[in-house]
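I've put the structures underneath this note.
Two complexes are shown next, each including chain A; its partner changes from chain B in the first to chain C in the second.
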Partner chain A sequence: MKGLLPRLIKRILGGIVMILVVASFTFFLIHLIPGNPVEAKLMQLETAGVTPLRAQIEVQAMYGFLPHQPLDIQYIHYIWQILHLNLGQSITYAGVSVTHLLLEAMPWTVITVTSGIIVSFVVGILTGVIIAVYRDRGISNALTLFSTFLHGIPQLILALLLAFLFTTIWPIFPFGSPYDAVLTPGFTLPFIGSLIWHAVLPVAAYAISSYGGWALTMKSSVISVLGDDFILASELRGLKPRIRIGYIARNAILPLFTTLTLSIGFMFGGSVFIEEIFDYRGLGYMLITAVGNLDYPLMAGSFLIITVAVIVANIIADFVYTAIDPRIRT
Partner chain B sequence: MSTASAAFPGAASPPHHRPSLLTISWRAITRKPSRVIGITIILFFTLMAIFGPTLYPKQLPINPAELYAPPSWAHPLGTDFEGTSVLAEIITGSRYVLSAAALAAVFTIGFGTLAGVVSGYFLGSTDQIIMRVTDFILTIPGFPLLIVLSTVWSFGSPIAMGLVLGLTGWGGLARAVRSQTLSLRERGFIEAARGLGLSNAHIITREILPNISPYIAMNLLLSVTGGIYAEVGLFFLGVIPFQASNWGVMLNLAFGNGALYTPQALLYMLSPMACILLVTFGIVLTLDAFDEILNPRLREG
Partner chain C sequence: MSAKLTDRSQQDFGLSPEVACQVRDLNVTYRVDGRELSALREVSLDIRQGQITAVIGESGSGKSTLALALMNAVSSPGRIASGRVTYRGLGEVTGMRGEELRRIRGKAISMVFQASQNSMNPLTRIGAQLLDLARSHDLPNPRAVLREAGDLASRMSLDADRVLTSYQHQLSGGMRQRVGIIFGLVLKPEILLMDEPTTALDVLSQSSVLEIVRSIQRERQLTTVLITHDMGVVAELADRVVVLYAGRVVEEASTAELLRHPRHPYTRSLIQAIPRLTGDPGDAKALEGQPPSLASVPNQGCVFRERCPYRMDVCETILPSFRFDGDGEHRFACHYEEARHD
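Take a look at the complex of A and B:
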């Protein structure tokens, strides 16, 4: 276990550097937006009759810097605010801090994306093992074809199709909000039930969009493990097939964790479509609303938080991998 | 093909008659019916993108008397919420979508191959810097990045769209090309080329690139699908202003006009989706033919 802590520290430092780079990117992006939105906001407030001092305080609260300061001072102010978890103030939701908005939005995205990843990972891996172990039977071909087919459907189309099929053609699932509007949010049984019922389609959209990839990667991984010597040895020693499949699966799962890191980014990216279609007020939804309403502080904040979520999820995935595979710990 | 001519392509012409690329392609494609279907789909959509828009006026007519009309001879796919023929919209919209996706694929392949080969061939600090940038690109979720970029970048022309999709999408390919280059550079014929004192540029363009070209060509086709998804997604979300209709705009307007609750709007919403899936299907079916055309080892069998 001795290499674990330095590795963790290295990963976290790398993550922090990456977050700072992304923050710098959003800072310069705001400056590149045509029409100088920061200056425009200041002018707009001043012409609306707000005193110049008051207008400056408001703009400073929104963006974290003032337009007439030198660029380096603006940059330092901006980064300083972000390090204090202050992402500015929203323009559309006047006076509300971006941090507050995003903290409220975060659970919607994180919970649905995580459930989607877990469901697709588990189901995909089971399918992959079945395909590989019974690869000379008809079921294997059928499952391969099915997985390849699902793998080829983009998230956007998948989510639209699911929404269309199961809320309009066969109205099984509710549509349009994360819970029934008549219920008051709280830790009550009907409310939680409604939350889960409404989450079925979005989670299914996340899960189905990445399921095929897992099944196909697991299949080839299992097939390569099947050729290993220890499998032959276990067979010769007469281990039960069920125990052998357990050994095989545990070894074959390992390479999939490198794919997991890429998948996490893909899933968080897909939240943009899925939350727009199923009307979930998550991070992706915030990002689109912000761009649509020219709410640049909220846009920069949402983008930063989505990236942070991906970086944190990657670090966690890396550590699950280290915990499972004893070989890379040394 | 003998090992000698594989080691020095172009150095000595093989003694026996070599079939031309066209003959090889024809043979490879006609070997399996699935490949014929795949290439037919691709050709069909390419022709639609090139010649289709010339069949229709620049501004498609609207007809308030025929909103969401069912399929008929005049409108084989029905009409949309303004009474415009859906088929006409699909055909005129194909040019932007497909040309931007093709350009995106070219840019992705260009950047990815360049970064991957340079990184894997020169190693050292060049490799470290390039791989750091690659990791960065791969970590940032691509789609949100595109949305944010839409505030400063005009996606109006297919080239602008293709360039951005290429710039944000080359990470995965660069990594794969790097690992292929790494294993190639240890092989005997590359060492021989280095021993002969051939320049790095020569080794990269004449020895390494031909060997990874099948992989690159397959990724070129795959990147087209990625490009279509990304641009259609951007138009669907409505973050980029649009001048003319295309498949993504159709999905946006269908969704925005409540097509999800309107069963009559089924065809309007399904048509662009079906086109996207068809193109993907065609590309996937063609992929294995590509492998055979470009990989001499498979051609023998």
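Take a look at the complex of A and C:
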């Protein structure tokens, strides 16, 4: 296990650098936007009769820096605020801190995206194994066809279809926020039930859209492992089928982790559309609201948090990979 | 189940006492581009109890195919088209399937693979894989297998503790090949099939490993089939030799007899190719030309004729049948030799 910790530390440092890069990017983006929104806000407040001092305080609270200061000072201020988890104040939800908004939204996105990934990964892998093992039978062809079909539907179309089918034509699933508004959040059965009930459609959208890809990738990975010498050897050594399938599955899953890393980013990106379609108030929903209302602090904050989520998920995926493959550890 | 097995282990299945395994009229084909091509043709053999039988032939002659057929493990696109393989105490493996076959493989009959340096699961420690092997064959005390493996490792000058706790990628090619041999021996099989077991080893460790295999074989009276393309290895180790050419047995004799009186022109060329045996390196010469591919093996006449210096008209059309020599212990199939001696 000696290589595990250094690798993890390296990954975390890399993640921090990545987060800083994204933070810097949003900082400069706000400066590059025509009619600098920070400056505009300041002007707006001043013309509205607010004293310059108060206006400056408000703008600073909103963005974390002031437009008159030299750029490097602004930048340092901005990063400094971020490091203190202070992401400014929202414009859309006037006076509410962005950090507060995002912390509320984050669990829903993380839960739905992660469940979607796990469900599709597990079911896809099992399907792939079945397709590969029963290669010459009808069930294999049927599953391949089915997986290829699902793989071909774009996530957006799929989400629209699900929303149309199950909230309009046949409204068995609820539409909208992560839980019924009448319930108070907590570890109570009705609350958790309501959470799950509201999450079904978004999770299904994530899961179904990536399921076919997993099944097909796993199929070819299993077929390639089946041709490996050690699998023939395990058969000729009379290993029990259960043990052999374990050998095959572990070896075949490994190459899928690279794809998993890509998929995590893709799914979090997809949350922007999926949460919009299901009116599900998570990070993606926040981001699209921010964009719609030119709420730059909220936009920058959402970007940053989604980046952090993707990076953390990637570190976890990498960690699991390292735990399975001894060749990386030593 | 076990009652049935003990019953079987007492049975000889019609084999004469000195024979451990009988191969009769074995034909194996591979399906290539929709055509069934023969990789083994009418192979019949008696593998002797407690001896080392070497199978020698060039690349593509069907040696590995034979080893697989001996375990009824020829898999798609290949198949055993006809013929029987029968073991004393086990029965006819060519008629077995599924669980019955699985219990025999790796336990009563074990195989050291041609690519045995790649025969381990890369994600699991060697020791854990030995335990998997022991559990698969329902051994009452799986840990004892680790002890046995450790002993074998030490005999093959490996650091036993290190090997058992290693992953495959932490071992060198030569070490892995020795580990492959340990896997083949650790459950104390009755029959050991070894397919070019020492190809990844340098000449020195090759002969030391073969020496150890030989001594274990003697201790256990282990019936062994040793597949090789190296006549030097045959001379050092084997009790009997079977010469394979293009999927056919062309000669078989005890090692001493075969080396002293080779009868088939192909066998002679194999012996001449070994400088160690002729004594004078200048005399060593390799056989010219290439063996036929599966698709180009002639369907009639002698399979060796394209490269045979003694080729006659009859060789084109008529398959030479076996002639016996030396009180029936030596057989060969060649028109020229047959004519010379009759």
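Methods note: the second predicted complex is superposed on the first by the 322 of 330 C-alpha atoms of A that agree within 3 Å, B and C clash if a C-alpha of one lies under 4 Å from a C-alpha of the other, contacts with A are read in each partner's own complex, and residues count from 1 in each chain.
FYI, a residue touches a chain if its C-beta (ideal position, glycine included) is under 8 Å from a C-beta of that chain, and two chains touch if they have at least 3 such contacts.
Since we're looking at a predicted model, the values are computed, not measured.
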Superposed partners chain B and chain C on chain A - clash or fit: fit
First (chain B), second (chain C), both or neither touched by A:324: second
Chain A residues touched - chain C or chain B, whichever exceeds: B
Partner chain(s) touched by A:21 [first = chain B, second = chain C, both, neither]: first
Partner chain in contact with A:303 - chain B first, chain C second, else both or neither: first
Partner chain(s) touched by A:250 [first = chain B, second = chain C, both, neither]: second
Chain B, chain C and vertex chain A (Cα centres) - angle in steps of 10°: 80
Partner chain(s) touched by A:233 [first = chain B, second = chain C, both, neither]: second
Partner chain(s) touched by A:80 [first = chain B, second = chain C, both, neither]: neither
Overlay on shared chain A, then closest C-alpha pair between chain B and chain C (Å): 12
Contact footprint of chain A on chain B as seen in their complex: 136, 138-145, 147-152, 172, 225, 229, 232-233, 236-239, 251, 255, 260-263, 266, 269, 273, 276-277, 280-281, 284
Residues on chain C engaged by chain A in the complex (per definition of touch): 71, 73, 102-107, 110-111, 113, 115-116, 118-125, 132-133, 135-137, 167, 169-170, 183
Touch list for chain A against partner chain B, complex: 18, 21-22, 26, 29, 32-34, 148, 152-154, 156-157, 160-161, 163-164, 167-169, 175, 262, 265-266, 268-270, 272-273, 276-277, 284, 287-288, 291-292, 296, 299-300, 302-303, 306-307, 310-311, 314
Interface residues, chain A side, partner chain C - complex: 228-230, 232-240, 243, 247, 250-251, 254, 324-327, 330
